[in-house]
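What follows is a set of structures to go through.
What follows is chain A paired twice: with chain B in the first complex and chain C in the second.
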Partner chain A sequence: MKLSAVRPITVLVTRELGIAALLLLGVSFVVFVILYLSPGNPFATLVTRIETAADPGAAAAAPATWYGQYFTWLKNLFKGNLGNSIRTGLPVLQEVVRVGINTLYLTIGSLLVTLLIAVPIAVFSARRGMTPTSWSMTVFTYVVSALPVFWLGYIVIYISIHRFGLFPLAFGSSAGPWNWFYFLLPVLVLGISNGTISEVVRYLREEMKRVFAEEYIVTARAKGASVWKHSFKEGFLIPITEIIAAKIPFILGGAVVVEQVFNWPGMGRMAWQAAQDRDYPLIMGITLVAAIIVRMGSLMQRVVHIIVNPRASKE
Partner chain B sequence: MTDGPVLKIENLYTYFYTRSRQAFIRSVDGVHLEIEKGQTLGIVGESGSGKSVTALSVMGLVTAEPGVISGKVGLKTANVQKNLLQDLSEYVKTATITGRIMDVYKDNRRWQKNVDRVMRGIRGREISMIFQNPKLSMNPFTSVGRQIQESILLNTAVRSAAEARDRALYWLEKVRIDSPRLRYDNNPYGLSGGMCQRAMIAMALSSEPSLLIADEPTTGLDATIQSKIVELLQEIKTTVGVTTMLISHDIDVIRALSDQVAVMYGGTILEHGPADAILSGAMAQSHPYTAALMASIPNREQIRTKAYLQAIKGEVLDTINLPEGCRFYPRCEQVTDRIQEHCRLREPGLLSISNGHRIRCWRYQQ
Partner chain C sequence: MRRFSQYAFEISDVSHVSFWKKAGPMDRVYIGYGLLVVLLVVISYLLGATGALPYDPQEINLELIMAPPNTGGHLLGTDFMGRDMLSRLIISIQAYFLPGLLAIGIAIVFGTCFGVFAGYWGGALETATTYVSNLLNSFPRLVLILLMVAAFKPDIYYIMIIVGVTNIPVVASLIHSKIQFLKQKNFIEAATALGLNNCTIIFKHILWHNCRSVLIIQATLGMAEAILMETSLSYLGFGVQEPTPSWGNMVQAGSNYFMQGKFWPSTAPALAILFAIMGFHLLGDGLNSMLERKGDR
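Presenting the complex of A and B:
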């Protein structure tokens, strides 16, 4: 990395963090309003337990208006307190961090699976053009991307667990010889069928083809240099970070389904559960963390952009 | 020292498919060229006459299909002596009807592989190239200095990066870039067009090639920068003395730099000979096309009186549907009754009219 890129990166990161803070504020506000307006509340189901357990003093101190409640939540957030889950009574922050790591593992793992499948196909068809081989591979990626996550998940579970009994049904419940492999199943399923393989192939292929036709690549060839070396930054690095940043939300969405199907103790499953329970503090916490992950993706993309091309910082 | 021309192109044919893939654009249609050591050959012609494609064919950089389909490109330098289109016929089959190629079968992938194998150690090392648009032709993601350094490391005996850096600075100085040490770390977009072209020239020369191909080196630049670049090329011609193939549609640039001139039209050479003989504009001793081209350049008198520019009538030849006879016949104003039949029906050969001066015109043939 060039030294000249350090300053623009610091500037960018500071600015991005500021923007991210504003964005998170907006996200939390919108989600809070949606939750407030949505029908039902946690106490409708838990009313008896709350009545017996609740501290009458605390209940009296709670603000009555919706904006009052939001500002209380915000004030606690700045103290590092996201409240307690209504269902379990555990602190939301700890809970979300605990399951967030599982989701991060699932997300990053499946992203790698997607890239491992998509990148070679994209590179091959960019280099060779639309030969029958690359054409059939492209069609294959479209078919694969059209598979619904839950369907593939159940099929995989049926084959590997019910048919061949390779794994225990529940996550990490027993230590068999194949147990470690069980961690790979959801990752593979989400990586294959999150619907982004075909998009990665298409985007990367088109970008590479475009860059291969650039005049500076002709120059590189004319001086005997490697086409790959000269096209790497614009033809590979930039598009790949762009597509990763753009697809993280989709993969997080897919994770909700996969975690449900595979009993994976992640953020998606917890979000689903929390939504059913109307567990407001938990939903708010999960939304916040998901927004942070998405924002980190785009920050990474911007940083890569600046490192390869300092001109971008001058825009 | 080896004798004979550094580059000898014989019977080069480079075609492209039309959109429908039913016909060919005959970009280069039987070109013969020779460049003697230390000389500069200027190739002049209108847009679409096949000048640049000829250069790209020599370098094996034609990617559109079918591309180069036949010919011989003999390169003869101190280190290398080979036909750059060797084994071409192995990958290409052509069908000819009445002397004209009408159908081509080409295994482009294997052909390209073969070209890349043949051209290894030639591209950059023996033949360097300068392109038309310097800003687009240099990698925008790497500093110009590093690009020159890369060329030196790849193509010369220099092996250490530090030494290559010094060489790159030397060349940047040689092409008169001010404060080369500062410019070394600039990316191309940080330089002006003229500076960028200087850096490009430095990069092309830094590998100390036996042949330099300059493909419209001044076209993408402002008029004032153009003349500066021409001055630089003139200076390099005397100090470095590299054999050069200069492509331009600007006759003034050709006149300033060339020893030999070839006039291209519709994919063939119409006239090839010493620069002063061809660019003198003497009607009696030149091809009607060259004469018309020379007449279209306004002289001082015409500029002062604001006279109308004298354009060549008609359109640039469409090489998809070639005329049967001379390519220039439809626009030629010097057809006489004596040769009219010939001009219309048969293509003239390239005939030598004096020492080293050859013309493709029925006027000079019996």
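Presenting the complex of A and C:
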């Protein structure tokens, strides 16, 4: 491939942004279709509620056609008006953003925990091959990723109450020296048993082994140059961003359960409550925000990929 | 000029070493354990379906509440209403076995279709399937299920349809990349030159001879996914409802007594979940390294 054929990075990144926007439009459409098909026609009611809330004077009625309803909803969506929660009457967007921050802490924190456990094991077993040590560590990752996250949560809560006299269900209410503890426990639990560690280890190990066997790494090794420095981009950076982007949805899903166990006031618990109450506007808002978070992760992965290897523009 | 025998070799990729011999020692342990779990699950499903259980799983015995294992003829003890733990664990497999197979079926069938469209024909179809795959990947599965539960009703079959649909992109991308890899080899070209129609090439030469193992592995991993989702949803109270036992709602019911130091009623189903999911993961990964990496070790 000629160098002139490589398009500038800004163009590629803009293209990725466009794709992400298109996908989010598709996400909104899927959410609309699910609600539109649900019995009792809740979507028309929702659109009417949004319209009357925006303009109380007008006697608003939902458009009769499905695309009319969808576009009215979409128009309000772009204005940031997702309607009010049926249960609390508060505007959905503010509510979701308020608790979404907590979920973001939980998700990013547990992602770091997962990587802190998985990366050393992957690097070790890629470097040393299958020794008894790396084998036992691999089996450990399988056990840990099959642990039911709620059960681990109960064990951790029980131990912390009975051994340390701490009550990790009191989120944010305790301004003491142990405040960090209440944040740390759910993050640790979700990070350990979100069910992705074994996959992360496997993927990283296979990719690293593949790259270590590539000819340019063999050359680097023969020259006495640093293998790490040469294999970092292809063998570590790209696989790790790929696996992070692919696992964000799983960790967000696990967050629903962990927030339930630890009483963590996040998006997952709110989604659970909304599903119990059939609070349509709220659960729609949560789904949209969760999809935006996932798309941000993939966008980050694509941008890293493009910066590392601008030739991979066509994919 | 290559001889026909070479093409023939490429078509089926047959080597005369059996798969079992090619597997590394750990892979054999993994697969052996996984097959044991599959066998146990199938036997337990049949036991539950025929009703051949040691006790009636709904029978309440208030004189023997939360008995530890191996008391009064109850091999795994009893739960908070004195119901036999072992029978409830066995009958719980009903909760995910058939729904899980439904999820796997959806993922495999539609994923294969998407993968073949994208890989074999390419072009606009490839763009469209990539878009749909990315779209399905944008939703966290549990959140999408909660939306579905709010819009329709908490039903295990609805939940498993979502699990299957959200698994489509995984299967599709695997089949897609496999076909792209196969297209570099000459046998598809040779088959086209021989005048075989697309149907034969896709179903016989591509899917049956070369994608079989990928699909089996994905089916195995899909079952682990189904168990995980069923238990999580039942734990949250949206899956199987209380008098009918499932591992998830058994953990949930037992958790009320966890803080009093009575661990067993929620630990027994939790261990069942642990061993089952681990079995399916190990089986999938063991099969993967045995079938997919040829002559690597």
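Following the convention adopted for this analysis, the second predicted complex is superposed on the first by the 264 of 315 C-alpha atoms of A that agree within 3 Å, B and C clash if a C-alpha of one lies under 4 Å from a C-alpha of the other, contacts with A are read in each partner's own complex, and residues count from 1 in each chain.
FYI, a residue touches a chain if its C-beta (ideal position, glycine included) is under 8 Å from a C-beta of that chain, and two chains touch if they have at least 3 such contacts.
All of these numbers come straight from a predicted model, not from anything done at the bench.
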**Partners on chain A (chain B, chain C) - clash or fit** = fit
**Asked** Of chain B and chain C, which one touches more of chain A's residues?
**Response** C
**Message:** I'd like to know which partner A:P148 touches here: chain B for first, chain C for second, both or neither.
**Reply:** second
**First (chain B), second (chain C), both or neither touched by A:L74** = neither
**Prompt:** When the two structures are overlaid on chain A, which partner does A:A222 contact: first (chain B), second (chain C), both, or neither?
**Reply:** first
**Message:** Just to be sure I read the superposition right, which of the two partners does A:L112 touch: chain B = first, chain C = second, or both, or neither?
**Reply:** neither
**Request:** Using the superposition on chain A described above, determine whether A:V11 touches chain B (first), chain C (second), both, or neither.
**Result:** neither
**Prompt:** A:L35 contacts which: chain B (first), chain C (second), both, neither?
**Reply:** second
**Asked** So, A:P249: does it touch chain B (first), chain C (second), both, or neither?
**Response** second
**Item:** Lowest inter-chain C-alpha distance for chain C and chain B in the superposed arrangement, angstrom
**Value:** 8
**Prompt:** Both chain B and chain C contact which residues of chain A?
**Reply:** none
**Item:** Residues of chain A touching chain C in the complex
**Value:** 19, 22-24, 26-27, 30-31, 34-35, 37-39, 42, 130, 135, 138, 142-143, 145-151, 154, 157-158, 161, 195, 198, 202, 246, 248-250, 252-254, 256-257, 260, 268, 271-272, 274-276, 278-280, 283-284, 286-287, 290-291, 294-295, 298
**Asked** For chain B, which residues count as touching chain A in their complex?
**Response** 59, 61, 109, 119-125, 128-129, 131, 133, 136-142, 150-151, 154-155, 185, 187, 189, 200, 203-204, 207
**Request:** Flag every residue of chain A that touches chain B in the complex, lowest number first.
**Result:** 4, 128, 214-216, 218-225, 230, 233-234, 308-311
**chain C residues touching chain A - in the complex, by the definition given at the top** = 24, 26, 131, 134-135, 137-144, 146-152, 224, 228, 231-232, 235-238, 251-252, 255, 258-259, 261, 266-267, 270, 273-275, 277-278, 281-282, 285
